[in-house]
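Listed below are the structures to be examined.
Across the two complexes that follow, chain A remains constant while its partner is chain B and subsequently chain C.
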Partner chain A sequence: MVDRVLPKEQVSAFLDYLRRRYRLWAPVAQGGGFVFAEIDHPESIRLDYPTTMLPPKAAFLPPNEILLSIDMESLESAPPPAEDKPIALLGVHPCDLHGLMRLDMAMREEPSDASYVSARRGALIIGLACVHRCRPEAFCDSMETFRGAAGADLYLTPIEDGFWVEVRDGAEESLADAADCFRPPSDRQKREKDDINRQIDLEFSGRRLSLETLADDLEKTYTSSYWAKLADRCFSCGACTAVCPTCVCFDVRDDLAGGCKTADRCRSWDSCLLKDFAAVAGNENFRPKRHQRLRHRMMRQGSYLAKRFNLPAFCVGCGRCPAMCLGKISPLEAFEFSQKGRTVHV
Partner chain B sequence: MKKLRVAFYSFTSCEGCQLTLLECEDRLLDVLGAVEIVRFREASSYEGGEFDADADIAFVEGSISTVHDESAARTVRSRSKKLVAFGACADIGGVNAIKNREGVETARERVYGPAAAWIHSSAARPLSAVVPVDAALHGCPVDKDELIRFIFAAAVGAKLPDPAAPVCFECKLRQTACVFQKGEVCLGPITRGGCKAICPAFGSGCDGCRGLAPDANLLLMRRLLKERGLDGSDLARRVDLFNAAALTEDQRRELIGHA
Partner chain C sequence: MFDFIPEIANVTSVRPVTATETLYHIRLPNRPLGHLPGQFVQVSLPGIGEAPISIASAPGRDGFDLCVRHVGNVTEALRRLRAGDCVGIRGPFGRGVPLDEVMGRNVLIIAGGLGLAPLRSLIQYILYFRAKFKKAAVLVGARSPDALLFSKEYKAWRQDGDIDVRVTVDVAKAGWKGDVGVITDLIPHVPLPPADTVSIVCGPPVMYHYVLRTLSRLHQPQDHIFLSLERRMKCGTGKCGHCQINGLYVCREGPVFRYDRIVHVPEAVS
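Our next item is the complex of A and B:
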């Protein structure tokens, strides 16, 4: 890890560098909120954003994409032409960095996902510290995902003079041409950055879960009547999975195009909350009831995938799903329920 | 390969769903390359009989609200291998069914005045109330992309899956700020998607034109709408805009009580 400072007056030169070398994605304002978008005009970038509607996952796993196009006469198939430049994701908050790491685990698990691996190849991830809680629904403190650096090639902490930049080992070379933008940090800047880190620890000190046992505790609630009761507040609309940084399920279908001359193999995000998600041949459905689908999502996020990938939880506590859910269902309340009576408060 | 013979017909409707196909301007030649259109009054100068063609697939727009509609629907059914309910009126009754709640006689007198006795009309019903229907394209109007995908799939003998996700799901994918959370009334959480959440994207709450989503939580919708101040006959009016003939009596009670 190397520490650098990106002075305010060098930020625009650094953005120019990023745009020359990468397809730059960053948060911008849209419709009263914020979204990650490919940047045409650097002045539209909003690094003061609290959080985005969709997570930056969409840069590597788009909501809708064409995996292959098949010529219906020759039956030859080819993926869409590769992009000329890799993606740089700028301004990724710690919860989303953790989300991207989990996404990586799921998509790179053998057999790895070709389209994802190709979109992710050579990407530069630039994290951005959260100094304040983005919204009341966020529970990154409980999930211990409010601290960054892990998962980022560069990790920015805003300081008075610009940004403190932690450069991951091995990431220097991708910055070689931008070396002029950075300065060695001064002692005063170091003290300021340490102060900010202490403030961050104070801001995110509302831990409400015992993460060490969450995966086991949650599984024990499987037969509880709690889920049916919780499902009274669930539309089973899939909004929670749509905004989730760690939901990875998708559907693949073939769409004919161009007067049936080509067939596009299309992939789109799916959701285990939707009625047809677990429908199979013979008119059967593994999870026909709403509460079964809601429970399944919570189990995936709090237990199943955590165990599979040896993590405390798959959910990163970004707070998007409880903020979007009209029934105000939060994974935190389900996780807390499973630890009722022995939750650790720190 | 012999081209699929496709016909378009309309009963009680505004014919806007047929217009939606005509508005797929840059894709019309592709459509004509894939299928043969044998009847399409709105798009042709053919002056022969209206329901006199045999078709592999008939797209039928409009609800059934006259004796003429009913007998013509039977004719179309008997001359078509597959029948598709084309748009909200044919699919769920649509806006025409508002009159069912008011009373068919009352509506007829209000619309036709002194000439009411000359005109026959019945309750507005979806196509499936009169003849067996093989598939439905939902919405008022139908979605262009879904329609084109449907036609191309049919041309090679495939069937498009019916979308199961409520409007909310696509609305999130589109990154539209939630209009319900902004204080609007929106039926998106209980309405079948596939429309790419077009109404919320333009700032307007969902009116439910694609009918109920599978397994819709009607009690929760009612509770949230009540918190929003929408209840009783106001709620009934909102629901009845497209779904007056679409809900079972049980579903209706769950969603709007006894209004």
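Our next item is the complex of A and C:
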């Protein structure tokens, strides 16, 4: 890890560098909120954003994509041409950095997903420290995902003079041509950054789950009537999975295109909350009831995938799903239910 | 690395099995499929889609059989296939029957309805390597005599393979001389010692509970029972989530599971 400072007056030069070398994605204001979008005009970038409606997942796993096209005459398949430049994701908050790491684990688990690997290849992830809570629904404090540079190639902390930049070992190379933008940090700047980190710890002090036991605790609630009660508030709409940084379930379908000359194999996000998700031909549905589907998602987030990838939890506590949910269902309430009476306040 | 590109395979024969099922023989152009009994492939028609279909023949160099029930979008479209046509194939996927745990023992195969399709792969394998197995029995259950799969092959299984084949139907019709009733009624009549017998079960979801209860009453150890489970396998690589049973992906960790490993997995068999 190397520490640098990106002075305010160098920010626009750095953005120019990023745009030359990468397809730059960053948060912008849109529709009364914020979204990660590909940047045409750097002045539209809003690094002061609280959180985005959708996580940065879409940069590497788009809501809809064509995996391959099959020529209907020759029956030969070809993937779509690769993009000429890799993606740089700028301004990713810690919860979403944790989300991207989990997305990587799921999509790169052998055999790794070719389309994802291709979109992710050479990407530069630039994290941005969260100094304030973004919304009341967020529970990154409980999930302990509110801090840290893990998963980022560069990690920015806003300071008075600009940004403190932690450069991951091995990432200096991708900055070689932008070296002029950075300065060695001064002692004063170091003290300021340390102060900010202490403020962050204070800001996000609060509830903590017992993360070491969460996966097992949650599975013990499997037969509880709690899930049916919770499902009274669930509309099975799938909004929670659509806004989730770690939900990776998808559907694959074949569509005719180009005047029926080609068949496109298309992938789109899917949701385990939707009624037909586990249905098979012949009218069999392996999760026909709403509470079964809601419980399945919570278990995936709190237990199944956590165990699979040896993590405390797959959920990162970003707070998007409770904010989006019509019934205000939060994974936190399910997680806390499973650890009733054992929530720790710090 | 995994992409979704299908291999274009040739359909070399098409044989109706019942009014709703058809048997396709398929050859890949450049390689044998290289599967184990119990594994499945994704079959596709360009522009229509993919469907997971279990392989109904023993491993071999001369292509493979798929027994398709025409009940979904893709499987309905497969009705149009004729010998000489092409289909897309991905796979084989999943874990099949672990033959080393079955060989050297008695084998009890319990197949309900379309469940006989994947188990036919194992039956053929037993026929090819008969000496490697002790006694073998196949129990077949179907809704009606018309719905029985591969009924013309039972004679060869009995005579060439010395396999005890017993058949029952839910509803008989005129001329039916066999058993009538549920498949669990047949199990106690098979004279195989539970401790030295491996049972392999595949059938409609409702069947597992009753078959497992019967096998348990006969004191068959749970690690001697293998279940082939159906789910909606889509990607085949444990990513899309459709086939997930609690924390397990059927397309990777299954579709054939040893019972002691899923007995505490609540969604597996109920």
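By our rule, the second predicted complex is superposed on the first by the 345 of 346 C-alpha atoms of A that agree within 3 Å, B and C clash if a C-alpha of one lies under 4 Å from a C-alpha of the other, contacts with A are read in each partner's own complex, and residues count from 1 in each chain.
Note that contacts are C-beta pairs under 8 Å (C-beta built on N, C-alpha and C of every residue); 3 or more make two chains touch, one makes a residue touch a chain.
As the structure is a computational prediction, the values presented were derived from the model and not from experiment.
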item: Superposed partners chain B and chain C on chain A - clash or fit; value: fit
item: Chain B versus chain C as contact partner of A:I70, first or second or both or neither; value: second
item: Partner chain in contact with A:G32 - chain B first, chain C second, else both or neither; value: first
item: Which of chain B and chain C A:L326 touches, first, second, both or neither; value: first
item: Chain C versus chain B, contacts on chain A by residue; value: C
item: Touching partner for A:M53 - first (chain B), second (chain C), both, neither; value: first
item: First, second, both or neither for A:Y226, with chain B first and chain C second; value: neither
item: Contacts of A:F337 with chain B and chain C, given as first, second, both or neither; value: neither
item: Contacts of A:R253 with chain B and chain C, given as first, second, both or neither; value: both
item: Chain B versus chain C as contact partner of A:S303, first or second or both or neither; value: second
item: Partner chain(s) touched by A:R290 [first = chain B, second = chain C, both, neither]; value: first
item: Overlay on shared chain A, then closest C-alpha pair between chain B and chain C (Å); value: 5
item: Common ground on chain A, meaning residues reached by chain C in one complex and by chain B in the other; value: 253, 255-256, 260
item: Complex contacts: residues of chain C adjacent to chain A; value: 1-6, 8, 44-51, 69, 71-72, 75, 86, 88, 204-205, 230-232, 234-235, 237-242, 244-247, 266-267
item: In the complex with chain B, residue positions of chain A that touch it; value: 30-33, 35, 53-54, 63-64, 232-239, 242-243, 253, 255-261, 269, 271, 274-276, 290, 324, 326-327
item: Parts of chain A lying in touch with chain C, wherever the complex brings them together; value: 67-68, 70, 72, 75, 77, 79, 106-107, 109, 111-115, 117, 222-223, 248-256, 260, 263, 265, 267, 270, 272, 277-282, 284, 286-287, 296, 299-300, 303-305, 307-308
item: Chain A-facing residues of chain B, complex; value: 29-34, 149, 152-153, 155-156, 158, 161, 164-166, 168-169, 171-173, 175-178, 180-182, 188-190, 213-217, 219-221, 224
